[in-house]
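Each of the two complexes below includes chain A, the first together with chain B, the second together with chain C.
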Partner chain A sequence: MSGAFRKNMKWALIYLFLIIASLISVFPLYWAFVSAFNNTQQILGGSMIPHGDLLTNIHNLMDQAAVLTAFKNSTVNTLLVLVLSLTVCSIAGYGFEIYHDKWKDRVMGILMLSMMVPFVAILVPMFQMFSGMGLMNKAMGFVLPSISTPFLIMLFRSNARAFPKEIIEAARIDGLNEVQIFVRMFIPTMRPTYAAAATITFMNTWNAYLWPRVIMKSNEAITMPMLVSNLMGGYVIDYGVVMAGVTICTLPTVIIFFFLQKSFTEAIAGSVK
Partner chain B sequence: MTNNANARPRRQLTLQKKQNLTGWIFLLPATILIIWMSFYPMVRAFIVSLQRGKPTALQFSEPLWRNYERMLQDKVFVQSLVNTFTYLIIQVPIMLVLALIFASLLNMKDLKFKGVFRTCIFLPCATALVSYSIIFRTMFSYDGMVNAVLVSMHILKEPINWLNDPIGAKAVIIIALIWRWTGYNMVFYLSSMQSIDYSIYEAARIDGAGAWTQLTKITMPLLKPIILVTAIMSTNGTLQLYDESVNLTNGGPANMSITMSHYIYNTTFVTSPNFGYAAAMSFVILLFVAVLSGIQMKVGDKR
Partner chain C sequence: MKKILSMLLVVVMLLGLGAAAFAAEDGKITIWTWDPKFNIAAMNIAADMYHVDHPDVEIEVQEVLSDDIEQNVATAATAGDLSTLPDIMLCQDNSFQKMVTNYPEVYTDLTDLYDFEGFGPAKQAYSIIDGRHYGIPFDAGTVVGAYRTDYLEQAGYTIDDLKDITWDRLIEIGKDVKEKTGYPMFSGQAGSVDAIMIMLQSCGASMFNEDGSVNLKDNEPLKEVVADYMAMVEAGVFVEVNSWDEYIGTLSNGSVVGTFNGCWILATILSLDDQAGKWDITNMPKLANAEGATNYSNNGGSSWAITQGTDVDLAVDFMQMYRNVEFYNAILPTTSAIATFSPAKEGEAYSAPSEFFNGTPIFATILEFGEQVPSNITGAYYYDARNAVSTAVTNAMNGGDIDAELATAEDTVNFAMGF
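For the complex of A and B:
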């Protein structure tokens, strides 16, 4: 066998492997979206092309479940978490890095430990606390545990390291106070970090399931993932309706994924620099 | 004159103090929230784990560790422990190795369509856990697509009842997990690989090192810290599996695929709520997370 032939074979195998992996990765989502256009029979039979049942499925979905309420709730909750979480965590990350000393580093170390606390481990007391505070079925109840996360604080802290100290000194000489420096200097230069933080926060919050299931008990407070999960509860499952629900629930995150993929990758990889 | 010279250092000191104080104020909201929403509930969880009775009338149990004793005799708890560790031991290594292979292939200099491949393999991360669980449940249902395709291709003689089989149900969860998280881990590896100087690989190739040697002798040692991080994160995540157990198999058949978190949720909220026992079980998860992360860090340090 000639060397050139072997080299071509090697590349052919690599491309084949990657193409198969890519197809497997894309297929379930593609199939779910296609299935939103199909009826139960076509879906179970494994039809891979869209037929004409999308409007029927959406109509039936609206009849069966409060899609508009759930979509509105998910949107409101997610936006609230985005604003509060980015504010609180970016200020903290900035504070830890720019004003850092021995004691603040220690506090940071202790906060990082909370990443080890699995959410189920505090499920019972969280439920007791939140029902005691009257936050059941309230957007604030959904939002509160997700505002301050060690992950985002770390992301902002490690990116603040690259923020030039001379700018801060110069701004102080110009008479800006510390809050003004943060708002006018730090936020505009850190736009990519904010985009990355926003992307990952959006994904996590939109997709949250366990906590909303604990705290959003009433039908008015239901979120999209809960609604989709409930669709599988009936005795006779209309898979066309289910897949229409899955598609509506997944579309926002998939759209964000395609437009902000770079930010998303930066957020994932950037926190462990 | 003397007054002025004294005044300056004092003013600077107060300025520095003021900045230091500003720093503390900046990190105060985040710190309070984490203490309030994470550490404080943990202490409370431990106290509740020593109690029994109805959620409205909890009392300290006699002996105090009674809830912990009960776990050992609870067949469902033991089953959920076995299931969770089965997922952990099979899924995490396969996923991390696959992620490493994809990352090394996508890091090759001469590869074309890198962006397309990366986007495709990374795409599953954009799917909600509930959504993909339901998609996989539909695909693998008895009269579903996977069976239909496999039978029509004559790979199977008759359809497999995936989700009603103890092994089949676990297998589907593992397949689904690998599908969802491989791309996520690949992104970590890829971004670290990009910081490795390419000339190292060229030098190795001149010395006659093949792809496998390059992977195990160059890439993996240099990526050790990040491999450790992903291993800890995946372990942590697998021990907390919930959405998949609920939405893909509903723990079935007969609790053969239920995860610890799913069982804790059921003990807390479904049928007759038992907060004390649920809190005790959740403390065991906390312990596992701490111990396993500790072991992984130790092992990672030595190599």
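For the complex of A and C:
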């Protein structure tokens, strides 16, 4: 009896701790969403319940900032990066694991080392290159630096390790060529890894700020995070409008994460179905 | 991250990658500025007015935040590719000297190209480097003392009791008002030293000497300012809050009697519809002992710079709009951007009384205040000095000795300057 009671107590404490921890992590998001329904005075007064100002805030936001342009730009840029980087990095990760070459671990080492270099260190030379190539204000200027990332290559490589070699051999015997093996065998098996990579890439690209700030100068090239930060740049800040902007900017990430979270946790844990 | 960036920029600069390509001549004026309701709105009105006589000139106003403008100038200058910069850009007055000193190849010397007659001398001083003009003054950061007259009345005071007074008198009144109403006089962000910088400039003192050397250790006016500030905080007359948002919050929820800040704070106060008619403005208190003490100072504001390149003549011609009284009258109602061009106060928009502020013609009043602001020296290391003073004040408030703290602050800034 007392053993079962102690066990229940233990679980109750664990759940209590987890509930408190989740409340703390969700709270900022909750406050941002609720504040999108409130006006500046209610927000500064610390109101935690929604009032009826959502439409006014959205109307003012539309008035003040090019939300549609920014949303469209962010969507286009993010989709381009998603498709290109998932393709390039998965092929690279697959290649690194499946094919053999005595230099491949050194090349991988160099790739890993490049993760250590902070982005600001390469900002000026990158700017020089991209401005020289005429890619300022272009979606390609935004996309190119994010196509190949060491982290994604590493993720695909380590997950490809669990991909059964027997499948590849059997497929070769059945007459599939290397490209067909990758497309028909590897991609479907690795769906959770792709989902995880997509989630990470989506979040990083959608929220990218420093690089777009440097190369996207014209009003037509503005992205959502830039738009939100512009809302905070004035002498008078309308916090209701800012929070409406933050909500619109955050929603896509939240939605993507809800859909892909199961695969995300699976791939990070490294399992293959 | 900013530190790493600036260090790298210096390294790259030393490597001499500075062969500059200038902004292209294209008969089009590109402008970088921030705040759609303020600077951008003003520039769009200027563009509309300019188009009346110059219908063919294309003018594009791009929204870029002030920090990003500085970063983009740094990136472009270090990369030696000025073609990515606009023809005209706005620069915070406090950063102007730093930017021109660090990137002289970016900014056009306007001394012989533009007529600066009529702009307030203190305002002009922000963008004069080695006697040469680099900036066309725009909005004023003239300091006003704004007070809730309803709270003052409850304690038996009027706005006139706060006019032309010293900080000592302010503390007396503040204690009395707090006792009778429960509200502290002022609020401010702890560690931001806005208030201290405002008080320091009000007597024409600076954190630097004329020759650019640091002046913190034996700066008597600064010591008086810090002493007054600490006395206010200790007496509960000035309440320190943790963030800018909280500071705005104290005004919007009416938990302080007033504030003293750059006149742009009035735009925030004006947005508090439920407090209409409860406010009035006057000048700020002055230092009791410092030489040259006045009731006037400045905080914030910015000026336009023109980048070197081939569209300079066109840009200068367009910027004549900023010598046009009609222009200032046109932007005032929509933006509340207060000019530093004295003739503008003759305009109708300026002399109109403000219902919100008990019928005081606030804009003309502020322009008059602006003419009496003493100028100060900002220099390229203004923000280093500001941060050092902030640390010194925080330590002094926690029981440190202010003389020793300011001596340390001076060493810190000297170190940043490479001495």
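Quick note on the criterion: the second predicted complex is superposed on the first by the 241 of 273 C-alpha atoms of A that agree within 3 Å, B and C clash if a C-alpha of one lies under 4 Å from a C-alpha of the other, contacts with A are read in each partner's own complex, and residues count from 1 in each chain.
By definition in this document, contacts are C-beta pairs under 8 Å (C-beta built on N, C-alpha and C of every residue); 3 or more make two chains touch, one makes a residue touch a chain.
Remember, predicted model here, so these are calculated numbers, not experimental data.
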Based on the superposed arrangement around chain A, label chain B with chain C as either clash or fit. clash
Classify the contacts of A:K138 with the two partner chains as first (chain B alone), second (chain C alone), both, or neither. neither
Touch check for A:L44: first (chain B), second (chain C), both, or neither? both
Applying the touch criterion given at the start, work out whether A:V124 contacts chain B, chain C, both or neither, answering first, second, both or neither. both
Now for A:S218: first (chain B), second (chain C), both, or neither, which partner does it touch? second
Of the two partners chain B and chain C, more of chain A gets touched by chain B
Under the stated touch criterion, which partner chain does A:M243 make contact with: chain B (first), chain C (second), both, or neither? first
Partner chain in contact with A:S229 - chain B first, chain C second, else both or neither: both
Please work out whether A:S148 is in contact with chain B alone, chain C alone, both, or neither, and reply first, second, both or neither. first
Would you sort A:S25 into first (chain B), second (chain C), both or neither based on which partner it touches? first
So which chain B segment collides with chain C once the two are superposed: 27-35, 45-53, 99-107 or 243-251? 45-53
Let me check the overlay on chain A: which residues of chain A are in contact with chain B and also with chain C? 44-45, 118, 120-121, 123-125, 127-128, 213-214, 229, 239
If we count contacts the way the header does, which residues on chain C are in touch with chain A in the complex? 1, 4-5, 8-9, 12, 32, 34-38, 60, 62-66, 68, 71-72, 75-76, 78-81, 83-84, 245, 248-249, 252-253, 264-265, 267-268, 271-272, 274
Complex contacts: residues of chain A adjacent to chain B: 14, 17-18, 21-26, 28-29, 31-32, 35, 43-46, 88-89, 91-92, 94-96, 98-101, 104, 107, 111, 114, 116-129, 144-145, 147-148, 150, 153, 178-179, 182, 203, 206-207, 209-210, 213-214, 224-226, 228-229, 231-232, 239, 242-243, 246, 249-250, 253-254, 256-258, 261, 264-265, 268-269, 272
Over in the complex, which chain B residues touch chain A? Could you list them? 19-20, 22-27, 29-31, 33-34, 37-42, 44-45, 48, 55, 102, 105-106, 108, 111, 116-117, 119-132, 134-139, 141, 143-146, 148-149, 179, 183-184, 187-188, 190-192, 226, 229, 236, 239-240, 242-243, 246-247, 260-261, 264-265, 268-269, 275, 278-279, 282-283, 285-286, 289-290, 293
Show which residues of chain A lie in contact with chain C when the two form their complex. 40-41, 44-45, 64-65, 118, 120-121, 123-125, 127-128, 131-132, 136, 213-214, 217-219, 222, 229-230, 233-239
